[in-house]
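These notes concern the structure reproduced below.
Per-chain residue numbering starts at 1, and chain names A, B, C and D are given in the order in which the chains are listed.
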Amino acid sequence: MYSNKVMDHFTHPRNTGEITDADGVGTVGNPTCGDLMTMYIKVKDNRIADIKFKTFGCGAAIATSSMTTELAKGKTIDEAMKISRASVAESLGGLPKVKMHCSNLAADALHAAIEDYKGKLEKNKEAKK
Amino acid sequence: MYSNKVMDHFTHPRNTGEITDADGVGTVGNPTCGDLMTMYIKVKDNRIADIKFKTFGCGAAIATSSMTTELAKGKTIDEAMKISRASVAESLGGLPKVKMHCSNLAADALHAAIEDYKGKLEKNKEAKK
Amino acid sequence: MTTNNIRQIYVDHSAGKPVDSRVVAVMLPYFKVLYGNPSSFHRFGQEAKQALDNSREDISKLINAEKPETIIFTSGATESNNLAIKGMAIRNRQKGTKIVTSAIEHMSVVNSCKSLVRQGFQTTFSPVDSYGLLDLVKLEENIDEQTKLVSVVYANGEIGTIQPINEISEIVHKKGAYLHVDATAACGQIPVDVNKDGIDLMTISCNDMYGPKGVGALYLKDSLRIDPLLHGGGQERGLRSGTENVSSIIGFGKAAEITRLEMRSESKRLVKIRDSLIQGLIDPISYTFLNGHPKKRLPDNVSVRFNFIEGESILLSLALSGVFASSGSACAAKTLQPSHVLLAMGLKHEEAHGSLMITLGRQNTQKDADYIKELIPGIIDRLRNMSPLTPKELKK
Amino acid sequence: MTTNNIRQIYVDHSAGKPVDSRVVAVMLPYFKVLYGNPSSFHRFGQEAKQALDNSREDISKLINAEKPETIIFTSGATESNNLAIKGMAIRNRQKGTKIVTSAIEHMSVVNSCKSLVRQGFQTTFSPVDSYGLLDLVKLEENIDEQTKLVSVVYANGEIGTIQPINEISEIVHKKGAYLHVDATAACGQIPVDVNKDGIDLMTISCNDMYGPKGVGALYLKDSLRIDPLLHGGGQERGLRSGTENVSSIIGFGKAAEITRLEMRSESKRLVKIRDSLIQGLIDPISYTFLNGHPKKRLPDNVSVRFNFIEGESILLSLALSGVFASSGSACAAKTLQPSHVLLAMGLKHEEAHGSLMITLGRQNTQKDADYIKELIPGIIDRLRNMSPLTPKELKK
C-alpha cells in the first residue's frame, strides 16, 4: 500500500532523535488518535542547521516525519515554512488516501517548531531591549 | 426419490386402459390440482374379475393406480374395500412424504368404482322388483 | 452420481450450471495460497483486495457499468433481489411506499415485496400478455406518485421471454421512479447494457454465467443510495457487510470475462439448437404449445406444454432415458402449486402442470437435441394413453 | 503473491484461513460434475440435496445439536448474526423490544442491534472486566422483562477470552430470554456443545474451520421460530431463501468432520506454541502486556500491547521480515477508530493503538514462534527509540 520511497523512509528514517539544546521545538498530534510528533530544530544564520524528530504513529507518520526533516535541512526559515503536507506527500511518491490527513502531520510539526523558534527569538529581542 | 417398486409400476403399469362395459366406474381428483384417476371394474361372483385405470398425474399417481389394480384383482368386493391408501403405499415400498396425500388417490378411486357398482346393483334389484 | 451406461443429457441449466474449468482454475489459488482477508493490512489481504477489484472491473465491463464501484458483491441473485428491493424501498420510504413489479417475477422478488407489507408498503403485480410480455400500458397506469421503485425481470428463465427493458425504463423514469431489473437469467445470454437499457439497479447471478453458486452481484447506479440488509464490518462500501467470498468472486470475474468474449457466438449456437428442438416437439406432437415468445426469447430456453398429461411423469420418463429437465408442474416443486409465471400468461392449471422446461447449456449439442426430439413423442404418447384427460379425437 | 526469498509466516488466522486440501478435494466434483440445484427433481438435484443433508449432519455432530435440521446454511458469520438477531427480535417483538449484548461483540452483532433501533428496539451493551470476561452480575441486572434476546460472543477473536457460556445461559433462561451465541471464533478451536452449553441460537463460521469463505450456518434450536432475512424460493425450511451454495456447503461438512476428529490434538499443540509466544514477548520486553484472559483463552490467540508505540508500524516492520499479523490499531483498520473490544476492557486509546494480534493456525510451528520471538524485541526497540512517548526510565 505504501510507495517504495515511503518504505525506505520508514525502514531507514533520517534524523531521528532529539536535540537537547534545540532552538525550536514543535509537537503536534495526540496519542489518543494514534499520532504524535515532535520536531527539534537548530537554526544558524536563519537556516535550519540541524533537525531531528520523534514520532509515535504509523508507517506514514514515521516516513513523513523523516522526509520533512530531509526537506527542511539547510533551508532558510522562510523556505522551510513553505514545506506543506502536500509537498511532503509528493516527495514520498504519494500516500494512500486514508493516510493523507491523519498521518501527515510532520509539516505541521515543523511549522510549530519554527514558530517556537521565532517566539523565542522575539523574547530574546525583548529581553535585550 | 422413488422406490424401485414405484419405478417398476411407473415404467410398466399394470392394467391401464378402460373397460367399456364396466360394472363400476370411479373417478377422483381434479386436473387443476394435477391428479385425476378413473378406475373401471368388472365384477363376477362378488369378486373383481377385471380392473383397469386411467390416470393423469405424477409418477406416484400412476404407480399407486397400477399397484391398486394389482392388489384388487381377484379380491372379493369386501376385501377390495379394505385396500387403503396406506396399504397401497406400503406395497410399493413406501412413497415420498410429499406424495403421501396429494398423489395417493388410487384406493379412493377403487372405492368409488365399487360404490358405483353397488349402486348399480341396488338399482338393478330395484328394477327387478 | 450413480453411474450407468445410458447417455446423460443435462438440460436444466436455468436451475444450475457446471462451473467452467477456466473459472475453477483461477479460484483454486485463493483456497490454498491467497487466502487473506481483503480487510487485512498485510500483503495477503491487499492482494485479495486487488483481486476483488479486478473482478469488479470484469463484471462492470460485461454490463457496461459506469465504474467498477457500482458492483456490490452478494451471496447470489436472491440476496441481490432482496437488497435491491428492500434497500431501495426503505431508503425512499418518505417519498413513496408503493412498489410496482410484474406478475412473472421470481419468488425472491415476489416475497421481498410481500415482506415489506408489514412495514407499510403495497405492491402491484402488473400483468403480462399470453407471450409473457409486460403490458406497458397497464404498467404505466400502475405507476403512481407513490411509486418510487419498479422491479422487472429482464427475462424469466422459465418461459424465456425477454422484456423490452429500454421501453420499460423510459416509462418508469418518466413517472419519476427507479428501475430495478432482475437479470439473473438474461445476463450472460444476451447483451445487457445498464447504460443503454436505462437500468438503475440490476441483479446479476454468477452461476448463470458458469461461475460458482453462492455469489452474485447488485449493480447500483453511481449516484444511488440504498439501505443495507446485512450490517457489520462495513465491507462493500457499507452496503453489504461480511468477509468477502474471495475465491468465488475471483471466479465470478473470470466467468464474466469469458462470457463477454464468448457470449455472442455461444448464443448463436444455442438459438439454432433451441429452435430445432422447439420445432421438433411442437410440429409432430399434437396439442403441444410453446410457452413464451417465439422470437423475444432467451437462447437457452425451450418451454413447451403437452396437454392432457402431467409434468412430473414426463420428467420421470425423461430421466429414465438419461435426460434431466424441469417442469412447471406442482408435483415437481416444493410448493405444490403450479408455476405462477405460467398461470400469469393465462394458462389453465392443467396446462401449467403439463409444462416441460428444457434449458440448454455450453455442453449441449445438436445431437442432444436430436436425441430428445426422438425420445419425447413416445413418452408423450404413452402418458396420454394412460390419461383420462384426452379430448374426443385423441381417445383410442 | 509477490515472491521473495524471506520466510513467510502467516499469523492472521482470525482474519482468514487457508482451506484444507481435503476440503478442496470434496468440493471440486460439485463444480464440474455434481452441479445440480438441490431443488431440482432429477438425480443431479437429488444428489446435491443428499450432499447438503450430509453436511448438515456433520455440522450438527460437531456441536452436538439435537438434529441435522437445526442447521441453517447462510453466506457466513455476518449473515448468521444478522439472521439470529433480527430474525429473533422481530419474531418476538410483541413480547419485548430490548436486546442485551456485550461490549465486546463483533460489528455484525453491534450493527445488527443498532439497525433495529428504527423499528423500536433498544440495545444494552453489557460490560466486561479487564480480562474481557462478561460481568455476570451486571448482565443479570441488564436483562429485564422486555428482554427476549441476549447475544453473547463465545470467544472474541481479537482478545481470545472465552466466556462462561454455561453460566450465562442459566442467567438468560432464568430471566425468560433466549440466548444467541456468536461462536465464529470459538467453534473449531474449543469444544462447543449447544446442548450442554444451553444455547438457543448459534453462529458458526466455515472459514474459521479451514473451510471456504462465503458460507456459514446458524444453529436454531428445534422448537424455535425466527423471521427470515432473505425471502424467496423457500430454501432452508423457508428461513433462508436462495439456491444453496452447494460446493461450499459440502466443504463445510468436511471441514466440520475434520475439526471434530482433530480439534483436540491440534488445540493442545497450539496452546503450547501460544503460551511460549506470549511468555517470549511479555517477559523480555518491558511495558508489554497481555490482552485478554491468560487461561480462559482461545488456543490460537496471542494478543499483546506494547506501550509507547503504534500498531501499524509494528505490522509494517513484521511484514518486512515476512510475518503477517494484525493490530487493534485504528491505522490498520478502515474505521480509523481503535478496536472497541480493547477499549471495553478498559485500555486507553494509546494502549489499544499499540496492540498486536497474532493468531496461529495449522501451518504454524514452534519454529515460527521462535522466529517471531527473536524478531519482535528489535522492532519494538527501534520504534520506541523513535517515539516521543516513552516514560522517564525508558528515555535515552
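Keep this in mind: a residue touches a chain if its C-beta (ideal position, glycine included) is under 8 Å from a C-beta of that chain, and two chains touch if they have at least 3 such contacts.
Because the structure is predicted, anything quoted here is derived from the model rather than measured.
K.L.:
Along touching chains only, what is the step distance from subunit B to subunit D?
P.N.:
Minimum number of steps from subunit B to subunit D: 2.
K.L.:
Based only on mean CA positions, could you tell me how far subunit A sits from subunit C in angstrom?
P.N.:
One centre to the other, that is 59 Å.
K.L.:
List the centre-to-centre spacing of subunit A and subunit B in whole Å, with centres computed as mean CA coordinates.
P.N.:
Distance between chain centres: 96 Å.
K.L.:
In angstrom, rounded to a whole number, how far apart do the mean CA points of subunit C and subunit D lie?
P.N.:
Each chain reduced to its C-alpha mean, subunit C and subunit D end up 34 Å apart.
K.L.:
Using mean CA coordinates as chain centres, what's the gap between subunit A and subunit D in Å?
P.N.:
41
K.L.:
Counting only residues that touch at least 2 other chains, which ones in subunit D make the list?
P.N.:
Where subunit D meets two or more other chains at a single residue, that happens at 41, 312, 332, 334.
K.L.:
On subunit A, where are the residues touching two or more other chains?
P.N.:
Subunit A, residues with two or more chain partners: not present.
K.L.:
Which chains touch, pair by pair?
P.N.:
Contact pairs between chains: A-D, B-C, C-D.
K.L.:
Which subunit B residues qualify as touching subunit C in the complex?
P.N.:
Answer in residue numbers: 2, 7, 10-11, 13, 16, 27, 31-38, 53-62, 98-99, 102-103.
K.L.:
Show me the residue ranges of subunit C that touch subunit B in the complex, using the header's touch definition.
P.N.:
Listed in rising order, the residues are 308-313, 316, 320, 329-332, 334, 336, 338, 348-350, 353, 385-389.
K.L.:
Under the touch definition given earlier, write down the residues of subunit C that touch subunit D in their complex.
P.N.:
Per the stated touch rule, the residues are 1-2, 10, 12, 15-19, 21, 24, 28, 31-37, 39-45, 47-48, 74-79, 81-82, 106-108, 111-112, 114-115, 207, 212-215, 229-234, 241-248, 312, 315, 319, 324-327, 332-335.
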